[in-house]
Amino acid sequence: MIVHFPFLSAILSVTLLGALIIIVLPENKHFLMKVTAGVTGFISLVLSLALFVLYDRSLGGFQFVEQIAWLPRLGITYQVGIDGIGLAMLLLTGIVILTGVLISSHEFKAGGLLGATGRPKEFYALLLVLVAGVFGVFMSLDLFFFFLFYELAVLPMYLLIGIWGTGKKEYSAMKLTLYLLLGSAFILIGILALYFSSGLRTFDWLVLRSVAFPAHFQNIVFPVIFVGFGILAGLWPFHTWSPDGHASAPSAVSMLHAGVLMKLGAFGIIRVALELFPIGAKFWCPILVFLPIVNIVYGALSAMSQKDLKYVIAYSSVSHMGIVLLGICSLNALGLNGAVFQMFSHGVMTALFFALVGCIYGRTHTRILNEMGGLAKLAPFLAVAFTVGGLASLGLPGTSGFVAEFLVFLGAFKAYPALTVIAATGIVITAIYVLRVVQKIFFASLNPNYIPEADACTMKDQFTHEHLEEVSDSGHKGFPISVSDAVLLEKIPIVMLMGILILFGIWPSLIINVINIGVSSIVQTIGGSL
Amino acid sequence: MIAIQELLIFNSVIFAIGIYGALTRRNTIGILMSIELIFNSACLNFIVFGKYLYPSLLSGDIFVLFIITVAAAEVAVALALLLCIYRNSKNIFIEKISLMRG
Amino acid sequence: MIDMYLLYFLMIFAAVSAVGVVTFRNIFHGAICLGAMLLGIAGIYLIMGAEFVFAVQVLVYVGGILTLILFAIMLTSKIADRSILQANEQKTVSFLISAITLFVLIYAIVKTPFTTVQGPFIVVDTARIGKSLFLNNILPFEVISILLLAALVGAIVLARKDIKK
Amino acid sequence: MFELTATVLLCPLAAFVLITFFTGKSEKISSLVSMVAMAVSLLSSLLIFALILSAPGDYELKIPWINILKDLPIEMGVLLNPVSSVMLMVVCTVSLFVQIYSVGYMHNDEGYSKYYSFISLFSFSMLGLVIANNLLQLYIFWELVGLCSYLLIGHWYHKPDAANAAKKAFVVTRFGDFGLLIAVIFLACKTGTFNFLEIERVIGSGILSPAAVTAVALLIFCGAAGKSAQFPLHIWLPDAMEGPTPISALIHAATMVAAGVYLVIRTYFIFDLSGTALSVIAIIGCSTAFMAGSIAIVQDDIKKVLAYSTISQLGYMMLALGVHGYTAGYFHLITHATFKALLFLGAGSVIHSLHTNNIWEMGRLFKNMKVTAVTFLIGGLALSGVYPTSGFFSKDAILIQTLESGHYVLFAVAFLTAGFTAFYMARVFFVVFLSKEKFSGKHPHESPAVMYVPLILLATLAVGLGFFSEGFSRLIFFGKINEPEHAVLIPLLSNLSAIGAIVLAWAIYQKELISAAALEQRFAFVHKFLKNKYYIDEMYVFCVKNILFVVSNAAGWFDRHIVDGAVNGAFYLTSSAAGALRKLQTGMVQNYAVGIFGGVILLWFFMNMMK
């Protein structure tokens, strides 16, 4: 079934239009801005869902292709289309942007995390521009536009972290931007090499895919592009921008960043490196596979030693992206399916995590694990949600994390048995640090820094000297903070993300069937074993 | 009538002295005065060339008139600036006004 | 012949005064030297037959600019104040640079063959200057008047006290 | 039959969903929902068992789950055969009894509904594990029961000990699961299927080298050892006693910890091919049994005694499986499930009435809690293997099997352990129920009927099950039917030793003919060693502290300082180069002027040279 409505351009223009409307809204209409951003996110999610439903599974390949010549003399065409992999990513982006907007709209309230900085207009406008870029990358079939959208997605991050971040935000924003631009430089080199060496003077991905580049050319360019995109995917040892960046960014930005933006890197590796350079991939993947292995184990170990909650989550992202890259490096159907599914699953999971971290941070005013404790009593909903996220993170069956990791390990084992065993130790370490975090925040006895909201007023007069001393001993000065459970505006996105994690954990075929359509064509291109 | 070279060399001397002053004076007014030296040497150069090479033309004189006018304007503005700086920082020593230091 | 000796004298006078301008530790003395130098140059103009320029030099430079400079000196600091005294900085480098510049210039002057017009200096009368200014050079003249106006306004704006404070 | 299976499986799941999302507010309805669901499951499982009994064999149902490769189907499914149908009954029975019991035990607990929802989830997961027709599904439910165990141990999450114990349980078993996961992946890659029956067929054809078979078997055993608390992964189980006592009975005595044994039984066709793997299992099982049995002697916490006893009995089961005692091991699993659940629930009853776990703060409870005391006695006798309780039949079958297989050392150790078992059970019984009163100011009372009725029912089972041993061995066997030997000597000997141990305990703790304190003095070293549980926990702490934490901190440090240091170094290099260059911009106009004129001069020289 081919539907002629230009869905893909519609998604792009809706997000950009949303950004535009927010920009022209009067400065003080905060509510309208939030509504606009929310509606934009919702429409893009609905459109992605529509695509997901309308995508013809029996036909496969790229569908909903739109083509407009843009600069014919240079071979640049505005060309978008979507295959199974892109579809999964589109859906993920839709989910994360909607939930991110909802979470941040709560944080913009007075006293919220973003309340002090304010400026919701610029925030939402930049957020939507970023998302437009992300959508664009996932659907571009022209390398020029691919790169353009890629940069469009990366650059607003600088402002979003630099302005609305916390902690050493300027440093983080700068580091992140420099790193990603370094990656972009690699990618640009790769794309230009493609453009000139093909002799066709075209950026058209579909055309370039049919070109058989000579082996030595592929062997030279593949690692360049792999590393270029790998930097965004958190590839070791180019990952250190991610902990700092994630730790400094506001929740919604962290969600988008770890949830979606890092996937751009992995997506780029599949779309550009793998599909255009099958020979290079076959040559390099057995060599480069060591890096994802390091990612997984070392990321998990590093996460264990962190004291700051956001750093734990950020390092766990590094570890989980390692699984994605391992799946890609395995070059077979199982591994690639697992990798894409892990991209999806980790995106949702990490969005959930960062949303929760934002909620927790907004309540406790600290992200240091040792300063929390026993919060499950005061915020049971957050505890449940965090536990679910944690379980998905450690790959518990019933959550999508398990299916993804299992498929990746299965695929990787076929290609690199011994290395996979090493990588799989990561799941044990993950269990250790995830449970440690859950325990430190939510379980054990309640930290005296925190009291239930209901007691806040009545207790204020009763604080004895000893109590205050006890409080100040634990690193908190002054009166205890009242902590409440999540409010509706936080609950909706969190429940959504949790539901998706569990739904796809129980019924992975729902999306894997689509992903597999995209993956099987790649596997055919590579000509690898199944 | 003396040779043109002698006058030109004299101008060069004044010019060089002016440069020396502009490079060494610490007092801003001193620098301004050194620049006046340079201006004067340039003016005289115009006159010299005009008189020796194209005696029938007036360009040299006219040029010098314009230069003197511009110099006057420049000095007026420069001294106003200087007073402004002095009011703000109670100082006109050049090394103290290094706001543009990187 | 007298002219020639006078010229030499004025040249030496002006050069010595110029040295005085850049070397006196007391800025006030330097300003006086500047006046002497300006007068010396004016004398040279006169001898070379540029009467109007001579007049302008004396009026504008000595009468205007020098007075302004003296005003500035006195406004910014008392004459006896230590801040008027000034030591020169980066003397060696500056001396080297100015010496080399001088050498370069002299080198160029000596090397260049000038085809000069012989004979005494032709005196330029003011009427010709006036005609030239208001006929041939009317546009630059008007432009420079605007420049002067702008400088005037600018100087006033800059130099006035800030009323808000 | 599969409809019945669906009922068995989905009832607890439905209960979980219902309680979590709808009835959480009302405690009564929650517990009722949970129990009704469990009762339906029990009935269905009984029907299934009856059907299987009428026509033994393998009944399989496959449902595709993920379709990626044609030659590696990923499925969910049901495999019904005597092994699984028996286990279904056991799980449903114990779960139902525990749920009924919990109505009394968890009365007035803050997280009552949560407790029931998790217990339903656990039942669902455990049943799913039992009926799994493939390794992947088994692994999935395997992890889910681990999760439930985590959640239920941490039921009182506000207690730091409970939170720690929950985490420890999950992480330690996770170590084992790692091995199982690798085994699953390895088998899937080598045989192209997850399905038990197909793996059996493929492996039977000799596709795997003996070394590979041994490796797979050991990896699977690794998972089993984690879940069934075998040495050296047993350390989580004693700590898991921080959870509510009924949970200890259900999860940490009867069902989940037996899952490891069940896993070995399910994949016995792999183990059967590798003598090495079997020997490893036997040795580890036997040493676990001995170690835990000896530790149990000196424990003061009634639940800890039972926990170590559980570990010891699980060791027995493993030993049995290691010496080809397939039937004996499985039978012991089932009898153990009943009498250990009984013992835990009995202990729970005591704890419920006295609010302490320490046996030295109890005493002479027989007077106040007759039902509990009698049922506990029956459980204890069963555990000690005294005729005619079920424990006698199952344990002696294991001993006989061990001896017959020619492992004399293992037999000797196991025999000694049987003596230990009787001794520590007798010690607990005497100290708690018969000796002098040691509590003061408390008024122990018999627990309510909801609590003692399950005790009585379980006691009946604990006694009665033994008489089904022959029928059992005809129904469940590996390869050929292992006709039970009617050996007389060994049962007699073991019974005598058990009775001897009981008498000894009676002499020490009841009549105090022999002073316990003096014995402790005499064997101070041994006592200390046992009291400290062989220092295994300390060793773990040492390893974790000195290896894992050090490595992780090193990784963290490396990342912050070396990897990031390189990045910051690049930053620093750039900025310091810029800083050095910046010095050129002094802000002193004259310096710039020097530059201008110097530049002019240089230009002039340069142009002159060009000429």
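Think of it as A, B, C and D in the order they're written, each chain with its own count starting at 1.
Just so it is clear, a residue touches a chain if its C-beta (ideal position, glycine included) is under 8 Å from a C-beta of that chain, and two chains touch if they have at least 3 such contacts.
Since the structure is predicted, the reported quantities are computational estimates derived from the model, not experimental observations.
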Problem set entry | Taking each chain's C-alpha mean as its centre, the one farthest from subunit C | D
Exercise. In angstrom, rounded to a whole number, how far apart do the mean CA points of subunit B and subunit D lie?
Worked result: 96
Problem set entry | Centroid distance [mean C-alpha coordinates] between subunit C and subunit B, Å | 6
For this session: Would you mind pulling out the distance in Å between where the CA atoms of subunit C average out and where those of subunit D do?
Result: 102
Problem set entry | Length of the line joining the C-alpha centres of subunit A and subunit C, rounded to whole Å | 71
For this session: Would you pick out the residues of subunit B that each touch at least 2 other chains?
Result: 19, 23-25, 95
Seminar exercise, completed: For subunit C, residue numbers touching 2 or more other chains are 89-90, 93-94, 97-98, 101
For this session: Indicate the residues of subunit A shared as contacts by at least two other chains.
Result: none
Exercise. Name the touching chain pairs, please: which are they?
Worked result: A-D, B-C, B-D, C-D
Problem set entry | Touching residues (chain side subunit D, partner subunit B) in the complex | 582-590, 593-594, 597
Seminar exercise, completed: Contacts from subunit A onto subunit D in the complex sit at residues 175, 179, 236-237, 239-241, 243, 298, 301-302, 304-306, 315, 333-334, 337, 374, 376-377, 391, 394, 396-398, 402-403, 406-407, 409-410, 413-414, 417, 420-421, 424-425, 427-429, 431-432, 435-436, 439, 442-446, 508-509, 512-513, 516, 530
Exercise. Any idea which subunit D residues touch subunit A in the complex?
Worked result: 64-69, 71-72, 136, 139-141, 143-144, 147, 150, 154, 157-160, 162-164, 166-167, 170-171, 174-175, 178, 181-182, 185-186, 188-189, 548-549, 551-553, 555-557, 559, 563-564, 566-567, 571
Exercise. Can you list the subunit B residues touching subunit C in their complex?
Worked result: 1-2, 4-10, 12-21, 23-27, 29-30, 32-34, 36-37, 40, 43-44, 47-48, 51-56, 58, 60-62, 64-66, 68-77, 79-84, 86-87, 91-93, 95
Exercise. For subunit C, which residues are in contact with subunit B within the complex?
Worked result: 4, 7-8, 11, 14-15, 18-19, 21-22, 27, 30-31, 34, 37-38, 41, 44-45, 48-50, 52-53, 56-57, 60-61, 64-65, 68-69, 71-73, 75-77, 83-84, 86-91, 93-95, 97-99, 101-102, 105-106, 109-110, 114-122, 124, 128-129, 132-133, 137, 140, 144, 147-148, 150-152, 154-159, 161
